Every structure is written in C-alpha cells, then in structure tokens.
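There are two complexes below, and they share chain A, which is joined by chain B in the first and by chain C in the second.
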Partner chain A sequence: MSQMIAAFFERLNDTQGLNFSIFYDAFDRSRFLTGLWTTTYICVASILASLAIGLIGVWIAGSGSRLGRLLVRTYVQFFRNTPPLVQLSFFYFAVGGVLPTVSDGFGGQSPLISGTGWAIIAFSLFAGAFNVEIFRAGIEAVPETMVEAAESLGYTRFQLWRQIVLPLAFRICLPALNNNLVNLVKTTTLAYAIGVPELLYAASQIWSEMFNVREMMNVLLVVYVLLVGVLVWIMHRWEKAMRIPGYMP
Partner chain B sequence: MKKLTALALAFAATLAAAPAFAQDTLAKIKEKGVLTVGVKNDYKPWGFLDPSGKIVGLEIDLAQEVADKIGVKLEMIPVIAANRIEFLRQGRIDLMIATLGDTAERRKQIGMIEPNYYAGATNVLAPKSAGLKKWEDLKGRKVCAVQGAYYNRRVSQVYSPELVVFPSVPDGLNALQGNNCVAFLFDDTLIVSTLSGGDPKWANYEMPLNSEDPQLWAVAVRLDDLDGAFGKLLKDMSVEWHKSGKLLALESKWGIKQSPYLIETNKKLKGGS
Partner chain C sequence: MRVGATDLPVLKPFRAGPIAPSGLAAPLLLSAGLIAGAAIVFAGSLALAQATGPATRDSAVTILWRWAPLIFQGFLFNLLISFLSMALGTAVGVLFGIGQVSPSAALRKPAWAATQFFRNAPWLVLLFYAMFLLPFEIRLGPISIAFPAWIKAIIGLALPVAANVSEIVRGGIRSIPSGQWESAESLAFSRRQTMWMIILPQAFKRMIPPWMNLYAILTMATTLISVVGIQDGLTVTRAALVAESRPELMLPMYLLLLLMFFAYCYPIARLTMALERRFNVKG
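Presenting the complex of A and B:
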C-alpha cells in the first residue's frame, strides 16, 4: 500500500511536475513527520500549561492579596500586549544566553533549555495571559446570589471554587477559550524563527531543497486545517458533555 | 462530498497556476528604466548593510555594473536563501546575484550564467573550545545552519548532526554565540571573512574542518532568459569580469582573500583570447 502511494506520487512528479516529495522521499517524509510530531507536542504541552497558568492566575487575582493582584495584572499586561514572536526571540536569544549551561555529553556545553523548551514556555505564557482574562470573564458571570448561598452554607474559598464557581464559569467561557486555544495552535508556527523543527520549519526545509513551494504550501494548509479540526472537535465534545439543560449558556 | 470535491479542485487550481512570462526581459527592463536585482544584505562583504543602512558589497558592485551597462536605474531587493529562487521564478526580480551555489537541481529551475563568478565550499565556524577535528565529530550534536542552503541536506545525510536551521545568517550566528549549538555550518568564504574581520566577538572561534564540496556561485536569470538577449549580455559581462581582472580587483576592494578559482579562471580566459 505504502509502496503504491509512493509510486503514485513519484509518477505525479514525473508526469505532471507536482512534486509531493514527502510521500515518496524517505528523508523528506521523516523530516515532515518530525515536524508534525513537534508541532503536536508543543500544542499539547502549551495548551495544558496555559490552562494551568490561567487557573492559577485568576485564583491569585481573586484572592485578598494586593501584591498577588498586582503581579497577575503586570503579567497579563506584559504578555498580552507584546507580540509572541518578540517574546519568543527574547526568551531564546536574550534569556537563554545568560542561563547556565549543562554538559552535552560530548565534553562541550549546551543550553539548559532547548529551542523547543523555550517555544513551549513562551507560548504557554502568551496564551496563559489571555486565559486569565477569559476565566475572569467566566467567573464574573457566575450569579452573585449563588456564591452568597454557598458562602452561607460554610463553604471555604477553595471548596466554593472547586464545586460551584469553576464548574459554572467553565461552561460560560468555553467559546472564548476555544478561540484562544485555536489561536495558540496557529501561533506555534512562530517557533520556526528559533529553529524549532515544527511543521512550517520542516516544510520550508523541504521546499528550499526540492523547489516545491506551491505543493508544500497546500500540504501545510491542509495539515493545519486538520490539526485545528481535531482540537475543535474535542472542545465541542467537551462543551456538549458539560451542557446543563435549562442553564443559561 | 460535494464540498470536499470543490475544496480539492480549488487546491488543484492553485497548483496548476504556473507563472507565465513575456519573453524579452531585456526590452522590458529598458522600457521600465529599472533593473530589479535580488541581493543578500546579511552576507558580509558580498552584500551587507553599511552603517548608514545602504546595501553595499562585492555583489552590489556587480549589480550596479549590469544596470549601468543596460543604462537603467538599479533597484535592489534583499532576498534570503529560502525565498530567492521563487522570487526569481515569479518575476519579482529580473536578476539574482545572491551568493547562489550552482547545483544541477537548481539548474532545472533557473538559468545559471556562465562563467561562474565565484566559488566557495562548505565548512563550520566553531568555538575553539569545542575541539572539533573532523566532520564526523558533528554526529548527533546540534549544529546551527541557515535555511535553504544547498549543503544542509548533504551534511545532514552524510554526518548526521542535529541541524538547527534559522531564517537568516545573523540569527544563526546569534544562536552560536548563545551556545545553542556547537558549530555554525556555512560557506567557508563567509566564515573566513567573519574570522578575519577583527571583531573581538569571534576571537575564540575558528574554522576547524577541511572545506568540503566546492561549489561555484552563479548569477541567475529565469530559464527563458538564459538563451535570450538578457542572458547573452550577462554571459559576456561575466567573461569580461574574469578577463579584465575586475573580480580580483573587487576582492581586494572588499578585503577578501584571493580565491584560487578567480586566479585560475582569469589566467584561463586571458590565455584563450
């Protein structure tokens, strides 16, 4: 089967000049699959981390501590109001350069955090800043009376959040959260600028050697449509599963 | 299903839409009064930005001479390795003088003007402390490189380093300075000129390996133009650049070590006339 596919695309190149080298050239295919894996890995890691950052951020922002509130506000302003590509370059070239190095196993030194590591950190912080605001919007939409009722029953702040505020807030902010996470998946292409072997990077390596820019551009677009499609499908399933009949959103 | 078919057709249409060009580029350039040339602006001293932000260098001098010869104004478009061939094919530039290696694969895409105007080979720039002795030492280690360079594929297939590839030369060099990789894979001409530039930043760096895979550099035009009037003009100019010693003179002007290729070609062409 795989040989038939390879033969088909090889013929397509010879006869039509449509060069989809990733389907018949083993070297190009392995580069492309590495790219697909790296992109998926960065997406999953930064989606999870950005959700955690959003939750922790909104918890601190809603707590009594003035210093905590100030810190979260500063963080949100800083990461929401600067371009992600600038943040990425800043971490990789500026911060990465002054961090201590570790042995690379060949008697030399290599940096503590790799390009992929910095990409995950930068994208998590970037999307996390938006998540803080998205969760805040959800939490503020939970009816005051419900919170007061729970408080009168003697709920602690943590119990109140875990059992009443977050479950309701989550349902309210899911559409906005979906948007932000879809955006995050697309933002991962920026990692190309610091040499992280993700999809765009792999594709541009291939087209600069095989001269098949148009073919690879089409492949890239289709792959991203599929990737984002999977994420949206999962989020919709989740949204549906969490629906409470009769409750507002 | 209908929708899918429509989508597939749309993609097929973008694939099939090959660029079409009018034939006589030289006449078109004269009519426009402008020669558009793709050049490098990050490849000292072949094409780089001087302190005032102007693009200067050996290749820029060549581009200016072509424009003067045709009698039109010169417009320079900075290109990078990853986009330059598409720029030329799509007609965004008429001519490319951008440290382009002349390979068989590329000859199918664009027209290479002969005689070639320069020659380089592949090597790495590495800190002396890395202790690299031979190419095999690169195996499994991180090596910075620049996108679209012809030697990336060969080096990664033969010596299997872990290539970390950046969009431009300064990004790659920054990453090397930040210890993000053990060496920077590049053309030896740029490495020599970087090392001999006297910048204290590079005092502890060296070019430790034997240069490999010598490669000629070519001025390039679209395939249609190669045998047309425009290609003919450039071929004649290129012969003249070698014969008159113009290229050798430009080397000394820009502080480049005399390349054996230029000396040899100069002798050959002079003897032949």
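Presenting the complex of A and C:
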C-alpha cells in the first residue's frame, strides 16, 4: 500500500511536476511527521495548561480577595490585548535570556527551558486569559437560586464549585471554549518564529530544499484544517455527551 | 396642609451614596489600576536593566529614549497595515457573508466552504500562502500592477479577516427574527429590498461589537508580518536589541512594544464591551 502511494506520488512528480516529496521521500516524511508530532504535543500541552490556568484564575477572581481579583483582571486584560507573537518573543528572548542556563553534561550550556517549553508557556498564558473570561461568563450564567440552595444545604465553597457550579458552567461555556481552543491550535504556528520544529517550520525546511512551495503550502493548509476538524469533532462529541435534556438550548 | 406633602411619621425618601464604585467610576478605576500596574512592571524592568547594565556605557533609559521613536514608527506601520487589511477583508467578507445566506445553493455552498476553510487555517500559514504564491506583479496587457511584499502581506492578512467578517455578517443576519422577513414579504418587498432596507440596517448594529473585536485581533496579528521579513514594530525592536547588544535591555524593550499594543487595543476592547452591553439591552 505505502509502496503504491510512494510510486503514485513519484510518478506525479515526474509527469505533472507536482512534487509532494513528503509522500515518497523517507527523510522529508520523517521531518514532516516530527513537525506534526511537535504541533500536536504543543497543542495538547497548552490546551490542558490553559484550562488549568482558566480554572485557577476564575477561582481567584471569584474569591473575596480584592487584590486577587485585580491581579487576575490585569493578567487577563494584558494578555488579551497584546500580540501573541510579541508575547512569545518576550518570553523566549527576554525572560529566557535572563534565566540561568544549566550544564547539559557534555561541557556545553543549554537553556533552562527549551523553545518548545517557552511556546507551551506563552500559548497557555495567552489562551488561559481567554479561558478565565469564558469560565466567568459560564459561572455567571448558573442560576443564582441553585447556588443559594446549595449554600443553604451547608456546602462549602469548594464542594459547591466542584459539584454544582462547575458542571453546569462547563456545559454553558463549551461552545465558547471550543472557539478558543481552535484559536489556540492556530496560534501554535507562531512557534515558527522562535525556531521550534513544528509543522510550519518543518514544511518551510522542506520547501526551501525541494522548491515545492505551492504543494507544501496546500498540504500545510489541509493538515491544519484537518487538525482543527479533529478538535472540533472531539469537542462536539463531548458537548453532546454532556448535554442535559431540557436544561441547555 | 400643603398638597403633596405629609406629616405622618413615615421614612422620608433618601438617596444613599453608592457603596461600591459603579457606573463610570468602576471602569475608570479598573483602567487606572491596569495602567498603574503596567507602568510599575515596566519601571521595574527598566530599573533592573539600569542596575545590571555596565556602568561605563549608556544607561538603559538613554538607549530606550533613543530607540522609542523608531519602535513607535514601526508600530504605526503595523496600524497602517491593520487599517488596510481590515478594509479589504471587510469588503470581501461582507460579500461572502451575504452569499452564505443566499437562497441559491450555487452561491451559498462555495461561500460557506471558503469561509470555513479560511477561518480554520492559521493566520501565519495564510500569510505565507499570500507571500509565496502571489506573483510580484500582474501584467494586464500594457499595464503591470506591482505587488510589493507589504501589499501581499495585506492580502494575506485580509484572507482570514474576510472569513471572520463573513461569519459575523451571517450571524448578524441570522439574529434578526424571521418575523421581519415574513412581514416584509407580506408587504411585497422583494428579497433584495428586504435585505438592504430591512434586515441589514438592523443587523448592522449587532455586527459592530464583533467587528471591532476582530479589528483588535487583526491589529495584534499584524506583528506576524515581521516573520515574513517586513519591517514592522517587532522587527525594529529586534534590530534595536541586536544593534545595542545589551541582553539586559530585552525585558524593557519588548515590554515597551507590548505596552504600545496594549494602549491601542485595550480601549477598543472596553468600547466593544460597552457597545455589546448597550445593544443587548435594546435588543
């Protein structure tokens, strides 16, 4: 099968001049797959971290502390209203430059946090800022009477959140969350700017050697649309599975 | 006994002062707090750079003062790009959006497909797409239209903007109750008349907040053009850092650029929220 695909694309290159080298050249394919893996890894890690940041942020913002609220608001507004690419550069070059380096055991010095690490940190903070707002909107939509009823039953704040507010709020904000996570997947291409070997970087390496910009560009677009499609599919499945009949539109 | 007054022992109406800052005061306080916070962080990073820098050479403040006008110029170029691609993207996007609600499937389906495709592709990839695949000039007989890099960048950024505007227009049109369509039909309005004279004027108001939101996102995305080698604010900042080769200046330098964008985008975000709230009440 794989032989046939390789033969087909090799013939396509010879006869039509359409050079999809990733399908027949083992080296290009491995580079491309490595890029795909890195992108997926960054996506999954930053989605999980951004969800955690969103939860922690909304918890602090909802607690009584005035200082905590101000800090969360400042964080959210700052990260929402500045360009993610500049944020990434700031973290990678400026903060990463200040941090100490560690010995890599071969006599050299390697940075404490790699480019991939900084990409995950920057994207998590960026998407997390949006998640705080999304979760807050969801929590505000939970009927007040439900919270009051639970309070009157002697729930502590943590129990109230874990068992009543969050399960309801989560269902309410899933569509908005969906949008934000899709956006996060698209934002991961920015890691190209700091030399993380993700999908766009791998593709650009391939097209600069094989001179097949047009083909790689289209492959890249299709792969990203597929990646987003997979995420949207998972989220829709989830949305459906968590639906409460008669409660949500 | 005076008319309208009473001498019965009742509580007189009184006006209590607001307990928590409300109305205009709350956003003002929040904005002031945010700006103060940003200023403190920036000043702190500058002081750190000042303290750790070599004493024999120019101080951090001097260097920053020297480069700030250039960085600001780069930032203004970002704004220029954002205006132009927003204009182009909106023009194309409105057509696509109206196409998406067209009764003819031949118009609706391609508009839908194009919208979904460009909405779900990363901005940077679309920018590369435009940079590499557009020719540097188009020849139409004797006239040749030149496509320098920055125009290609505008087109590349306008692609996702158009797709998003298309969705905004579709959502806005869909949000108008179907009764409006039906009553227009009963008054013998044609479809085109209904769209231009009844639906779009109403939907327009609701499209403004998301449209402004998109503009803020686009402004922040304009820094992407530095990746494809166009001289914008981020490029200038990097060049300044390379020219001075003072690593301790990186924090304040990047923060300066971040603050410029923040100062521009934050008021837009606040205005968007205020408009959203206002249009929500009126419905």
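Everything below uses one rule, namely that the second predicted complex is superposed on the first by the 247 of 249 C-alpha atoms of A that agree within 3 Å, B and C clash if a C-alpha of one lies under 4 Å from a C-alpha of the other, contacts with A are read in each partner's own complex, and residues count from 1 in each chain.
Note that in this section a contact is a pair of C-beta atoms (placed from the backbone, for glycine too) under 8 Å apart; a residue touches a chain by one contact, two chains touch by 3 or more.
Model, not experiment: these values are computed from the prediction.
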Exercise. Which partner does A:Met235 contact after superposing on A: first (chain B), second (chain C), both, neither?
Worked result: neither
Seminar exercise, completed: Between chain B and chain C, the one with more contact residues on chain A is chain C
Exercise. In the superposed arrangement, which partner chain does A:Tyr201 touch: chain B (first), chain C (second), both, or neither?
Worked result: first
Exercise. Once the shared chain is lined up, is A:Leu55 touching chain B (first), chain C (second), both, or neither of them?
Worked result: neither
For this session: Using the touch definition from the top, say if A:Val182 reaches chain B (first), chain C (second), both or neither.
Result: second
For this session: Once the structures are superposed on A, label A:Gly97 by its partner contacts, choosing first (chain B), second (chain C), both or neither.
Result: both
For this session: Determine, under the contact definition given at the top, whether A:Arg214 touches first (chain B), second (chain C), both, or neither.
Result: both
For this session: Could you tell me if A:Gly115 is touching chain B, chain C, both of them or neither one (first, second, both, neither)?
Result: first
Problem set entry | Touched partner set for A:Val147, first chain B, second chain C, both or neither | neither
Exercise. Touching A:Ala193 in the superposition: chain B (first), chain C (second), both, neither?
Worked result: both
Problem set entry | Contacts on chain A seen with chain B and repeated with chain C across the two complexes | 93, 97, 192-193, 204, 213-214
Seminar exercise, completed: The answer for chain A against chain B in the complex is residues 18, 27, 92-93, 96-97, 101, 104, 106-111, 115, 192-195, 201, 204-205, 207-209, 211, 213-215, 218, 222
Problem set entry | Interface residues, chain A side, partner chain C - complex | 70, 73-74, 77-78, 80-87, 89-90, 93-95, 97-98, 182, 185-190, 192-193, 200, 204, 213-214, 217, 220-221, 224-225, 228-229
For this session: Enumerate the contact residues on chain C facing chain A in the complex.
Result: 30, 33-34, 37-38, 117, 120-126, 128-129, 132-133, 216, 219-224, 226-227, 234, 238, 241, 247-248, 250-251, 253-255, 257-258, 261-262, 265-266, 269
Seminar exercise, completed: Interface with chain A, chain B side, in the complex: residues 11, 14-15, 81-82, 85-86, 105-106, 108-109, 129-131, 140-142, 144, 147-148, 150, 152-153, 157, 164-167, 171, 174-175, 177-180, 182
